[in-house]
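As written, the chain order gives the labels A, B, C and D, with residue 1 at the start of each chain.
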Amino acid sequence: MSTDIGVWIAAFLTLGILSFLYKDNPFYKVSESIFIGVSAAYWFVYMIYNVIEPNLLGNLQKGEWWYAVAGILGVMMLFRLIPKIGWLSRWAVAFMIGTGAGLNFIVYLQSNVMKQIRGTLAPLNSIGNIMMIVGVITGLIYFFFSAEHKGLLGGAAKVGIWFIMVSFGASFGYTVMARISLLIGRMHFLFSDWLGLLH
Amino acid sequence: MRRQIPLAITFIGGVVMIIQYFIPHQISQEIYRGVLDWQMIVGGFVLVLGIGSLVTHHTEKVKRQKEGWGYSLVALLGLVMMAIAGLFFGGMASDKPFMQIFIYAQNPIQATMFSLLAFFIASAAYRAFRARSFIATLLLLAAIIVMIGRVPIGAKIWSPIRVISNWLLDYPNMVAKRAIGLGVGLGMLSTALKIILGIERSYLGGGK
Amino acid sequence: MGFFRGMLNLDRRIIFILIAGAVVVPLFIPFHLKMHPTPASQGLYNAVEKLPEGSTVIISGEYDPGTAPEIQPMMIGALKHCFRKGIKVILMGLWPQGPALEGQALQEVFKEKEFKEMNLQYGKDYVNLGYKAGGAVVIQSMGTSIPATFPTDMAGTPIEKLPLMKGIRNFNDITFVLDFSAGDPGTPAWVMFAHDRFHVPMAAGCTAVSAPMLYPYLQTKQLSGLLGGLKGAADYEWLTKSSGTGIRYMPSQSIAHLVIVIFIIIGNIAFFVVRKGEKR
Amino acid sequence: MDTRFWTKEKCKWRRKVLPLTAFIILLALWGTIRAQSPVDTLPPSPPTEVTAFDTPNDAGKNITINWKLSTDDGAGRNIVKGYDILRSESQEGKFEVVGSVVAGISTFQDDKVKNRRNYFYKVRAKDHTSSDSPTVGPVQASGQWYHKGKTVVLIFVVIFTALVIYFVESAKKGKKLYVRPIPGMDAVDEAVGRATEMGRPILYILGLSTISDVATIASLTILGRVAKKVAEFQSKLLVPCYNPIVMTVAQEVVKNAYLDAGRPDSYDESNIWFLSSSQFAYAAGVNGIMLREKTATNFYLGMFYAESLILAETGNIAGSIQIAGTDAVTQLPFFITSCDYTLIGEEFYAASAYLSREPKLLGSIKAQDWGKAGLIALIILGGFFASFHFDTFINLFTVGH
């Protein structure tokens, strides 16, 4: 059995979270509350040391004055707390949304559309390739919105959803492995690091 | 005016970020890096708003002695302790209180929450994987084959299952993911365009 | 009939208990399972096996305690494999907690008699450069100069004082890269920069969930091998003929999978029996 | 091979022959080494056809050097250990090593140069001794204003933008548009109504991403519609948030929805609060809310990660009606198994327009459909071209870095 107080705290909290599987209870509620409080402070402190300090103050010190704009945008966000000038925070929000939309537009166009299309352009010389082309096309047809799914279109959409379902089943089955591994890791912590029953 | 300026900022921000993609020149690279940095910095600032909201939410509960206010007190205590440890007792060095709390309190809870998934994935599978219809049967069979095919015991039970499971993952699975990915791509492109062009503006509050 | 009806509305807590049992019991009563390493695992093993004695390998860790159960056994396996082959190891990480976990992996390795007796020395046989923020940018900058990217090691020792790092300027002086990653930044960044740009051969290990995303790199030979999840770790231990948590956890993994599948089958039998009964 | 040679009868004979053979081989080897060693001091043949040029499509300060491998690299005497790349600022000036690569590599990028300055290069093949290629240059580095490898993307951007604008405009002019039913969205009224009847709150999760993520905006749009329904039905809406900016925007959106519904006084800002920016702390908190507040309906719309199943299964335990929608392909299987309705990928993006029934928003759905039709045509064409090895067409879609 461990003599490290930290391990005991960790074990106590681990059991607290696991107890949720039986039902919601005070033990879980305490662990949850600690988690919420501690993690909020963690991110706050982390942001100060890893973002505000190096990326904002560090760059300003180096004389890269345009980082002041980021500081101003940040302060603008805080204007929300003052009702009279709260509307100014929308400018900062608009900046985040606009640049985010532009960036995502490009990223998705390149990685979700172009690369995927490139990967689908294959010669029709094997069952695998023919299946790939049929699957992608019928899958896309399932996502047609402006036409009723009837007749040929409906049939294709149906095949599309078959593919999608097989994929969901396979991904689900595949993920089981990873999740079980994590549980094994936790159990190993309880029985080995804490109780010392496993060697 | 209060509407026009934010819409203009969104438009300019969006268009600049799209154009910079096509320009390899250093100026464009710097804008790109700058914007990413700025986004991060603004994200840091607004955490103040977040913490403010969290603190009000819980102090209200404690003040009014609403049901479960004791737990709110625990959350507040956790927050204050962790913040003090981080800001005044040696920062993020691994042997200082901040990281110790992180290692012995936050980490185990995090890992345990994550491991709850092992239980939930089992209960979800049991409840949902019933051969109610043709589609449900496809879902069920694909899941079972891959689940068994991934572990060594699967090959002991029936050796071709490994091959079938790999085939399922490599072909139908990949194909459907690609179709979904293309759909998502288009949906996201058109939504992003609507945002940039100011057609979609509900995020500014109100649909009109 | 009553039994099957009951099975259909089974209390999920019974499933939870059985899953917990399926995981815990095999930990105490381990049994032998023969591994069939996947070609991807074999690829990584072969690549490391082929490295000449005295070559220098970078092992990078991008994971955290949450994902450590899957990644840590790979890290330990790789360290053992490299040490046995007399390969010098440079540890680092692009996730804040990676290098600390790598340190723990080293401790695990040195607990074993075989490696304790090798009397490996920090600074000469292995170093830990620690964490650097920036993801892909860090790798790019290592391509230009490793000492400039990591002026000190994790403990703050100037890099010039470490004998292993003498003569290491950039990726040209690195024989191989092993990247163990649980997400982003991770293997794609390493492939894009260390492999594609600076031409260092590499292999990787990842969580089971992210393995399908990395498979394409195997087909294009950008990765010489890939360990996926706990099964990948077990494969590697099997290939290097060492014991470790990968192989040790495999029975739990297998039994838990079986339990879930049996539940699904029972659920379906109950479903059909009850539906038949209702039709009458 | 004749295996009989290795059978037992021949064993004796083999025992005599083997050492003899080994001796002869060793002798021969020694001889070869002896014979080769003086030759080895001869330098390897130098690299040829060296070219140096400004790296295309880049930010500048970068010159690419290519060469043809030394004939002693991988062939010939096979003695090349690697190559050094040497640079000077004048033809006859002092050359310095700026980088080196291992044998078999025939390209190098020098990123330590200044823009608009003349440089000269040589490549040196190395063994114990070395030999240099002729000097090439002068060459200058510069940054480009347009990336030629990205023209396909540009064409796509132009076509798609034109499609969206065209269909939005024609929808504004009153052209009727059909949109097929989207599973979960027809259930929104019913779900809100049910919550009102039961006197229990509705939970709305905006996903675990930032405001820069388009999925979050799509979710905020749907939140606006749902909040309006909730306000009309006089129900309670809980929105615990993962990201503080998303929280502030959600507050505005919900406030305005209540205003639209004519019930501004029912709006309570404290029901939209920040829960946690830590993935699993957020999940733990939402779990608690679902079980303690006994939410009647849960919406999960936006970007999700591994916590999706923790949320959806707990909601299932609590017996809530659950409507999910996400563009996170990896999490869709879990929502499908645990929720009553799941919007798959693009359906989620279409849902906001579908709910609003606003023509200009619906117009963009039509553009998406045309986009898909175009992609299908491309795939079919590409299939045929690839079958006949017409690779130019396929390579069009390879985007440069």
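Please note the rule applied: a residue touches a chain if its C-beta (ideal position, glycine included) is under 8 Å from a C-beta of that chain, and two chains touch if they have at least 3 such contacts.
As the structure is a computational prediction, the values presented were derived from the model and not from experiment.
Where touching is counted per the definition, the chains common to subunit A and subunit D are B, C. Taking the mean of C-alpha positions as each chain's centre, the chain lying farthest from the centre of subunit D is C. Among the pairs B-C and A-C, the greater number of C-beta contacts is found at B-C. In this assembly, the C-alpha centroid of subunit B lies 23 Å from the C-alpha centroid of subunit C.
Rounded to a whole number, the gap between the C-alpha centres of subunit A and subunit C is 21 angstrom. Averaged C-alpha coordinates give centres for subunit B and subunit D that are 16 Å from one another. Distance between subunit A and subunit B, defined via averaged C-alpha coordinates, is recorded as 2 Å.
Shared interface positions of subunit D, i.e. residues touching 2 or more other chains, are given as 153, 157, 210-212, 214, 217, 245, 248-249, 275-278, 280-281, 284, 292, 306, 330, 332, 334, 336-337, 344-346, 350, 365, 368, 372, 375. Shared interface positions of subunit B, i.e. residues touching 2 or more other chains, are given as 18, 21, 39, 42-43, 46-51, 54, 68, 103, 106-111, 113-114, 116-119, 121, 123, 125, 127, 129, 139-140, 143-144, 147, 150-151, 169, 173-174, 177, 180-184, 186, 188-189, 191-193, 195, 203-204. Touching two or more other chains at once are residues 12, 16, 19-20, 23, 66, 68, 208-209, 212, 231, 253, 256-257, 260 of subunit C. The touch graph of these protein chains is complete, with an edge between every pair of chains. Of all the residues in subunit A, the ones that touch subunit D in their complex are 17, 20, 24, 28-29, 31-32, 35-36, 39-40, 42-43, 77, 80, 89, 93, 96-97, 99-101, 103-106, 109-110, 113-115, 117-118, 120-125, 129, 133, 136-137, 140-141, 143-149, 164, 168-169, 171-172, 175. Contacts from subunit C toward subunit B in the complex involve residues 10, 12, 15-16, 19-20, 23, 33-36, 64-66, 68, 100, 208, 212, 215, 231, 234, 250, 253-261, 263-264, 267-268, 271-272. Touching subunit A in their complex are the following residues of subunit B: 2, 5-7, 9-18, 21, 34-35, 37-52, 54, 68, 71-72, 74-83, 86-87, 91-92, 98, 100-119, 121, 125, 134-136, 138-147, 149-151, 165, 168-169, 171-186, 188-189, 191-193, 195-196, 203-204. Subunit B contributes residues 18, 21-29, 39, 42-43, 46-51, 53-54, 56-57, 60, 68, 106, 109-110, 113-114, 116-117, 120-121, 123-125, 127-129, 139, 177, 180-184, 186-195, 197, 199-200, 202-208 to its touches with subunit D in the complex. Listing the residues of subunit D that touch subunit B in their complex gives 57-61, 143-147, 150, 153-154, 157, 160-161, 164-165, 168, 210-212, 214-215, 217-218, 220-221, 224, 241, 243-245, 247-249, 252-253, 255-257, 259-260, 270, 273-281, 283-284, 292, 306-307, 309-310, 312-314, 316, 327, 329, 332, 334, 336-338, 344-346, 348-350, 352, 356, 358, 360-361, 364-365, 367-368, 371-372, 375.
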